[in-house]
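What follows is a structure written as structure tokens; I'll ask about it next.
Labels A, B, C and D are assigned to the chains in the order they are written; within every chain, residues are numbered from 1.
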């Protein structure tokens, strides 16, 4: 009977020990929960964000407002339900002061309620789904990125100015993909000839042969795509192999970035050189904090940071601004919110302001793929499409 | 009791059974003999409903059962035992027979009362076990029985379905002399109460049990008659017994 | 566009065949359900990608990757899979699902999460024009996809020759229809099983190598396609190479045509927004529907090997 | 087959821990533990329902997570319509309506797919059940209104007159009570007339038919019963996680349910509960240790299969037998 008697005791003490271990942090330390993707192919983005967060913390000396600060990273596994589980854990178990991160719109949509209902603040370091900017906007939700529609809207304007008359559109079939398509269609004045939404998720469709054949046959003057993360590289490869550069110029949002360019360069896929995109930021953007960030990142990790990294870096510095003004006490959510709304911190994109839905009002630039002084492929700003642009859902927000 | 006419089953080009005619009278013990590969196992499969026939009809007690599934035929009183012993190894001997009793008593869609406390089922199962002389072992797990006992249990399970006609597929297979004698005695006791259709290799058993014998060669019945007729038939001797000796 | 999409569909089909031929063999002969077959698909892609970067030659990398993956297959068979042949299907499903997790994590750890692109030689980067047809004003196909199609067909022919006209093939066919007979023939069953497993795994790895220059090598790339490969095996009939080939080509065409034309068809009956969301999902559903219908009509698949 | 004393003792102690640990931790301020255990209990219900097929009748369904999804969407869809309009008669926050819808839809789905699937055997049964699960998965992915791939949040839990499911302790109590009831039901079922026929079918279906049993209807009943119970677990799951998505249905989820059952032991009524608990706790602790947690998890899966035949239940029974205390 020994087995029966000892087993529950072991289990109980194990469980208790694990529960208590989370209480080791002194109550005064600042704890920031950061949800991103650290497994599956999406980990490319998550690792870049984590590196940027660690860089920001290092530059801050791991203190905020005079208090020691810790980041607790959690992996969403690229799945909404896992994202929600780890968010609940950070809020209920680790009792973090503030939440940040969230690459994917569907993960954010599944998770944000757990944060705002606990009267905590969530700062999205990437995802900007339309409901959260409009009808479902919340006082405790902030973004250091953009609303999904804005970047493709800028692209639509860019296409208009280039005189493109017809467009074929491809995007993955999930919340952000649909937002991107809606965005470009809102401003593009020509005709949308065809549209393909492809399977997304951990088992996303990566072979686009059928869709590319359709795009070619459509006779459109341009091809607009949104394929973030690993799908972007696969898409560019197939686009190049299909020899479409000459007949169907490529216009992308969030597809060609510092994560995919080194791989594309290694693969010799120079079809991507010169391709154009729109974004709020670029490594060569002229802002004081951007030099500190990009140089620091390149020195520490030996590569260019992606815009995902830039947004994560900004999220940490935004939190730091609040901590500095409140002497490291983030317990009063109303006070924290008041500071965050000012957006008074050194952002990598220069200065920006917040709309009433807490989405940045900021510039959008057109950028182009070029080789830098050392021959590494990177992006360069070629012009400003929007100045101080506010997303179109802000008017629906009842705050 | 059982009338079979022109029953056939083909596997690709091979005719396992070919225009088999058979007439089993009530109360008799009818044996089917034949060399290996003559189609005996196929015939049993067709009769019990495990295999669907390509052609021919089967009448059981005046009723056409050709298209009926196996469990319906069993419910009508046409039971079988298996050549390769199949009992439920993880159940007790009693439970093995009780499953058959349950099946015989209609549906078992009863989800709450423990079946092991259903005295009426247990009593009937014990009665059948007594019939085959296995009453003492009723608490044992079937998997722990000897080969001979498992064959006896197998027959008990078939008997518990209260058959009018029992198909016995080589009941003596793999048995020692002592076990064979016990089984023979048991079958002899059954004879008369139940009609038996017996497939068996052991000629001693066949000739001591059977009232009628049909000889199956290459899927066809070449002769049917009393044991004495079969023993003296020139056709059979040529096609079958003659080869043997 | 029909001709182009047909070629796309056939190319997908031939890849599915490479993947499912090994599956149907291990299934038919060893009675093994091997989910981790997908891991060899991924492993082939990664090993080949690394070697391409290292040696600078894609073709050389393929030649070198084959023995490497065969060796890994041998080790996996010897250490884990070989112990599963006698177990029931559930145990096999679980253990090989565990193998998938292990393989995915090891690849993540070894190669990082970003995956690898495979540079192609210049002569494979181009396109081939195949003239025009009634429905296609111009048939333009990436050269590399044609190569995949051709190479796949060559490998498939090789497999048919191996299974149909050699002594080893005779044993494999015998094993697929009757396992007991093999040991009765005095065959070293253990050795044959190891060989068949390694052969099947190399075929899966080859499929992965061929697709890597198109989709890049990425973690978990096999986990979705393995289910499709199982559908192919079941539709074709477990253990039947011929069945696997026909089913693979069929599924490849159905999937490609679904993605290419279904949204246009659906727009006739629903809004274009709804059609664009529904079309990819419904075309993904099609293959499962097909399998269910085929199993209802023929519970053993289209070409079950003769029993007994 | 008889439950020996050692497994029964372990079962009882596990049941006590299952309620005691999360509740005491919850009141000590560690509220997240209640979440973990609620999830474990709901998954235990789902796994136990699978065991009704897998363990009782030997039917290896690889699409069982579909019923979790049916139950969950039976909560999410009516609530969605009630909030945003449309849906006609379906729209409602009522818990009884959600339950009725879940049980009705799952029974229908199970009856239709079961009648088709049960024509096949072995690997073909495994694959065809998976195919039906995948069909439902892609169906939900294709419905834009219900969020397609992204899923939907459940804004308001199912409403009952005296029970508030948004209260975590109350919800846990309901889940735990349901599990106890289900275990009692399964225990009785296993030893009932019906249970014995299922056991006979599991061991030798052909023999059972040769005894005059129309095995199809027994298998179908087990199949439908398992589906309906799992849909009930789905209703609880939707109320617990307040987020539902097609991801709940994917074949890997069905595989996880299977893993829980086999880890605990199919021959043991209580096995799936132990399996689900170990699964959830393991996932939680390993994921907290390293991003490479799938490696030890995968190895554990392999080892479970290679070393523990019959799962933990089988192991306990062997230990019990060698100590001579649990012979049946």
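By our rule, a contact is a pair of C-beta atoms (placed from the backbone, for glycine too) under 8 Å apart; a residue touches a chain by one contact, two chains touch by 3 or more.
Quick caveat, the model's predicted, so the values are computed rather than measured.
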**Request:** Please work out which of C-D and A-D is bridged by more C-beta pairs in contact, and write that pair.
**Result:** C-D
**Request:** Indicate the whole-number Å distance between the mean C-alpha point of chain C and the mean C-alpha point of chain D.
**Result:** 32
**Asked** When the centre of a chain is set as the mean of its C-alpha atoms, what distance in Å lies between chain A and chain D?
**Response** 36
**Inter-chain centre distance, chain B versus chain C - centres from mean C-alpha coordinates, in Å** = 48
**Prompt:** For chain B and chain D, what's the span in angstrom between their mean Cα positions?
**Reply:** 43
**Message:** Touching at least two other chains at once: which residues of chain D meet that condition?
**Reply:** 141, 148, 294
**Message:** Two-or-more-chain contact residues of chain A, please, as numbers and ranges.
**Reply:** 38-39, 43, 173, 199
**Message:** Please output the residue numbers of chain C that touch at least 2 other chains, ranges allowed.
**Reply:** 108, 223, 277, 280-281, 284
**Complete:** Every touching pair of chains is listed here as A-C, A-D, B-D, C-D
**Touching residues (chain side chain D, partner chain B) in the complex** = 1, 188-189, 191-197, 199-200, 203-204, 206-215, 218, 221
**Asked** Where on chain A is chain D touching in the complex?
**Response** 3-4, 7-8, 11-12, 15-16, 18-19, 22, 38-39, 43, 75, 79-81, 84-85, 88-89, 92-93, 105-106, 109-110, 113, 173-175, 199-201
**Interfacial residue positions of chain D with respect to chain A in the complex** = 6, 9-10, 13, 16-17, 21, 25, 28, 30-33, 35, 39, 141, 148-151, 153, 241-243, 245, 247-248, 285, 287, 291, 294, 319
**Request:** Name, in rising order, each residue of chain C that touches chain A in their complex.
**Result:** 1, 4-5, 8, 11-12, 53, 108, 112-120, 125-127, 136-137, 140, 142-145, 211, 213-216, 218-221, 223-224, 256, 259-260, 263, 272, 276-277, 280-281, 284
**Message:** For a test of understanding, state which residues of chain B touch chain D in their complex under the given definition.
**Reply:** 48, 50, 69-72, 74-75, 79-80, 82, 86-91, 95, 98-100, 102-104, 108-116, 118, 157-158, 160-161
